[in-house]
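What follows is a structure written as structure tokens; I'll ask about it next.
When the chains are written out, they are named A, B, C and D in that same order, and each has its own residue count from 1.
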Amino acid sequence: MTDALEDIQSGPDDRNIPLRQVGVVGLRYPVTVWDRSSERQQTVGTFKLTVDLPHQFKGTHMSRFVAALERHRGEMSLETMPELVDDLRTRLDAERAHVRMEFPYFVRKAAPVSGVESALEVRCWFVGDAEEREALFTLGVDVPVMTVCPCSRAISDRGAHCQRSHARISVRFRELVWIEELVEIAEAAASAPLYPFLKREDEKWVTERSYDNPVFVEDLVRNIAARLRDDARIQWFYVEAENEESIHTHNAYAAVGSADLE
Amino acid sequence: MTDALEDIQSGPDDRNIPLRQVGVVGLRYPVTVWDRSSERQQTVGTFKLTVDLPHQFKGTHMSRFVAALERHRGEMSLETMPELVDDLRTRLDAERAHVRMEFPYFVRKAAPVSGVESALEVRCWFVGDAEEREALFTLGVDVPVMTVCPCSRAISDRGAHCQRSHARISVRFRELVWIEELVEIAEAAASAPLYPFLKREDEKWVTERSYDNPVFVEDLVRNIAARLRDDARIQWFYVEAENEESIHTHNAYAAVGSADLE
Amino acid sequence: MTDALEDIQSGPDDRNIPLRQVGVVGLRYPVTVWDRSSERQQTVGTFKLTVDLPHQFKGTHMSRFVAALERHRGEMSLETMPELVDDLRTRLDAERAHVRMEFPYFVRKAAPVSGVESALEVRCWFVGDAEEREALFTLGVDVPVMTVCPCSRAISDRGAHCQRSHARISVRFRELVWIEELVEIAEAAASAPLYPFLKREDEKWVTERSYDNPVFVEDLVRNIAARLRDDARIQWFYVEAENEESIHTHNAYAAVGSADLE
Amino acid sequence: MTDALEDIQSGPDDRNIPLRQVGVVGLRYPVTVWDRSSERQQTVGTFKLTVDLPHQFKGTHMSRFVAALERHRGEMSLETMPELVDDLRTRLDAERAHVRMEFPYFVRKAAPVSGVESALEVRCWFVGDAEEREALFTLGVDVPVMTVCPCSRAISDRGAHCQRSHARISVRFRELVWIEELVEIAEAAASAPLYPFLKREDEKWVTERSYDNPVFVEDLVRNIAARLRDDARIQWFYVEAENEESIHTHNAYAAVGSADLE
């Protein structure tokens, strides 16, 4: 029956405009990712899947993107993503393919004094960009942390304003880096880590540790960048941080990439 | 060590203002839910957990909400939720407890002609409200469907505007109703169901079926309400629908509850 | 020409299901509101406009909602809103009409020490619910403020965690209450107000004042409720607050209404 | 008093990491923009304001960004933006400054047959990137339009699925281009424009016109790109479009920039 239906997308186009990207966005699909302790986390991916489109074709076949995801569902990782990207390139007769998957991921945290455990959400992303001879894969994490303002502490007789902050780290690597490692790097760069579950003795520890360790948003990205610069596994990185300033309704922001350090 | 730390929250309060709700919101936690085919889906819950607070107490112990969730993680369903709500009430010495969990859930869909399979996301929620002698549990689903406008079809010589719509159904029941059943009720009430993966022959089917079956947003909620009214298992319901009008940037909206039919 | 086009919405319906609400949502429209200093603020309203629909009618005329808004644009206030709500009821032959308008509003703030001025955004809403013999009008504001945790301060040797918080206040009144008054009530109930523009001497003041004045989320709503309870102009209120806890990724929440104090 | 307070941000930093961007994000401020008919629209800008930071400085002075905005509020346009960007560069001793302002903007629309008027929201953005010797200014618009699927129309015996789409156009120009012109280009490239207010005769027109003029998401961006390519005022452009597919829950996407046509 399909054969009888006109295939408009495969028709010619005479506007002489090749497209950089054509595909689907906002596609939500169940996926499974592996964590460092070799356990599987079933989670929900939000996908952007695109290919380039030469000028002579009218359209792409959008259903093939979903078909590729359906075939590849099950384990999804930076190791299996090359297959998905290649599959797209091949089946859509494209020169370039691009896949971005964002997903919530949970890391187990033990509170610093009581040791009580809980699960902290970290938003992550995998990105694959492939051409015929080259492919780039990027891992990203958005780590929630706490920052105390050094200026506020220095000029005030008591107290110091602090806030929830987000450190967003994207890396490309020569050798595997775990999400958990990036979380640890971000937490070490901040005034203190965040924990879903804290008893009073833990709250005292977090309050004092963060007060003893104030960082500006500039320090947060620099501390992370310094660690990534010295890690031989890391080929490329980009780091952004945002402080949800408790004394304002806007956020403070800083960004630095490996290219800025060359 | 904890004992040495002052417990401010348990201190007295003299403003004579009892609080209706105190607790945590926006808490994201991994959960597992069961589907109709007896398989487990691991997903991500977004929680609101609250209790009431009598006027004489200064505050509640927020960490206990996370502790309750940590103890109860694993299977979460309308059958296990009573335990979580009761646990909150007891451990927080409260008269009333309220739990709301929203989560993405996937149903397998077979395309109408080709039969190709894919996974459709349905946003769901479980709500539990418990007092000493009474507890109410609510199941909710937000089902994406397609609607064709009857007016546009009737007045136009060709075509008819259509759009993505959302049917949001909340029910309380005497006997278990599955998420999948509510999805089917919403889909039958619309012009056509949605599918992540459609081949050309399926797209033809969906286009023609929806054109043959136009419904206003008013029809969508009435069709659903009529089905729920006649289902002896359903004790209470509330139905809302929103059409993402393709000819406007605002949405059309309709709502009806079981109380309106009495 | 219109006359020749079939009016499907006015047709009969035999499902015997009256609808509680039918209308439009997510409609964005330019509006002008008045502030306390008698100046006009042009801003953007996000509207929900609905009426009830008796069981015997198939549908409502959605375009009339936009028409009503178009006629009433220009000044929008709790004083002009009754006209808009009445207009909807009359033109749509309904028994009940409901209008909700949310909008960003700016209040001028002078920094506490330097006196430098800036504009603070406060999200507001007007709600009108009218039946033939009764109409209720509600004013709401979402005021961003700062809170310092009393527990963290009491148990820690130095510092105290603090965060951005939101106090959401809805009121119905016998005599006009200005948005600016509700903002002041919320700010006085918190550890400190927020300011877009602070010099160093102001930051010192905010840090110290908030540290000297710690409040739980429970205190924030109780302080507001106590003020509203004692204000003879206020007929009804509902107060919610959310603390964007800097030591967690979830928020603390509390709510109380005038009904809880009776 | 200020002089007595330590200026930590101006202190030295020895990590040898220059920052690409430091500043504030999510800052909401009232602004006034001019429309083609020489009327002023007061609206709400959401700002990102950043500068670079040389490696030897510990931090930037965040309050100066808000101060710059406070000084420049009043008229904001692509003509006045260079002053704001220059002001930031100078006052923050930076080599580069970046300003992004997003804002809702309303264009008056007359319905195609009845001529009834209403206001359509178009989300816009101004971006300024300045270095010592070069400055780039970008105007962007997100235009909501309607698309009918050519494939669905061709293969179906009746009807065709359609949806709300968004065309996002960014341009840099040699000579002023109005927001209203970009809106018209996007609308002409789609199956039909959107209108907040349509009478029945208008709805018939929109339904038939869109059915007669089906476009894929690929066509939408190509039609726009072809127009911009031929406009001598346009120096650079980037066009994206997203179709909120009424038969799926994900969106179709296409993108092309002037660089792809060289």
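The working rule: contacts are C-beta pairs under 8 Å (C-beta built on N, C-alpha and C of every residue); 3 or more make two chains touch, one makes a residue touch a chain.
Everything quoted here is computed from the prediction, not taken from an experiment.
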{"item": "B-D against C-D, pair bridged by the larger set of C-beta contacts", "value": "B-D"}
{"item": "Of all other chains, the one whose Cα centre sits farthest from chain C", "value": "A"}
{"item": "Same or different contact residues where chain B meets its copy chain A, judged by the half mark", "value": "same"}
{"item": "Distance from the mean Cα position of chain D to that of chain A, given in whole angstrom", "value": "25"}
{"item": "CA centroid of chain C to CA centroid of chain D, Å", "value": "28"}
{"item": "Centre-of-Cα separation between chain D and chain B, whole angstrom", "value": "35"}
{"item": "Residue list for chain C, restricted to those that touch at least two other chains", "value": "5, 27-28, 66, 121, 151, 155, 196, 198, 200, 204, 249-250"}
{"item": "Chain D-facing residues of chain B, complex", "value": "120-121, 144, 146, 148, 151-153, 155-164, 192, 194-196, 198, 200, 203-204, 206-208, 210-212, 244-250"}
{"item": "Chain D-facing residues of chain A, complex", "value": "5-6, 8-9, 13, 15, 17-28, 47-48, 50, 53, 58-60, 62, 66, 150-151, 154-155, 216-219, 221-223, 225-226, 229, 242, 249-257, 260-261"}
{"item": "Interface residues, chain D side, partner chain C - complex", "value": "1-2, 5, 7, 27-30, 41-44, 63, 66-67, 70, 73, 104, 106, 113-114, 116-119, 121, 196-201, 204"}
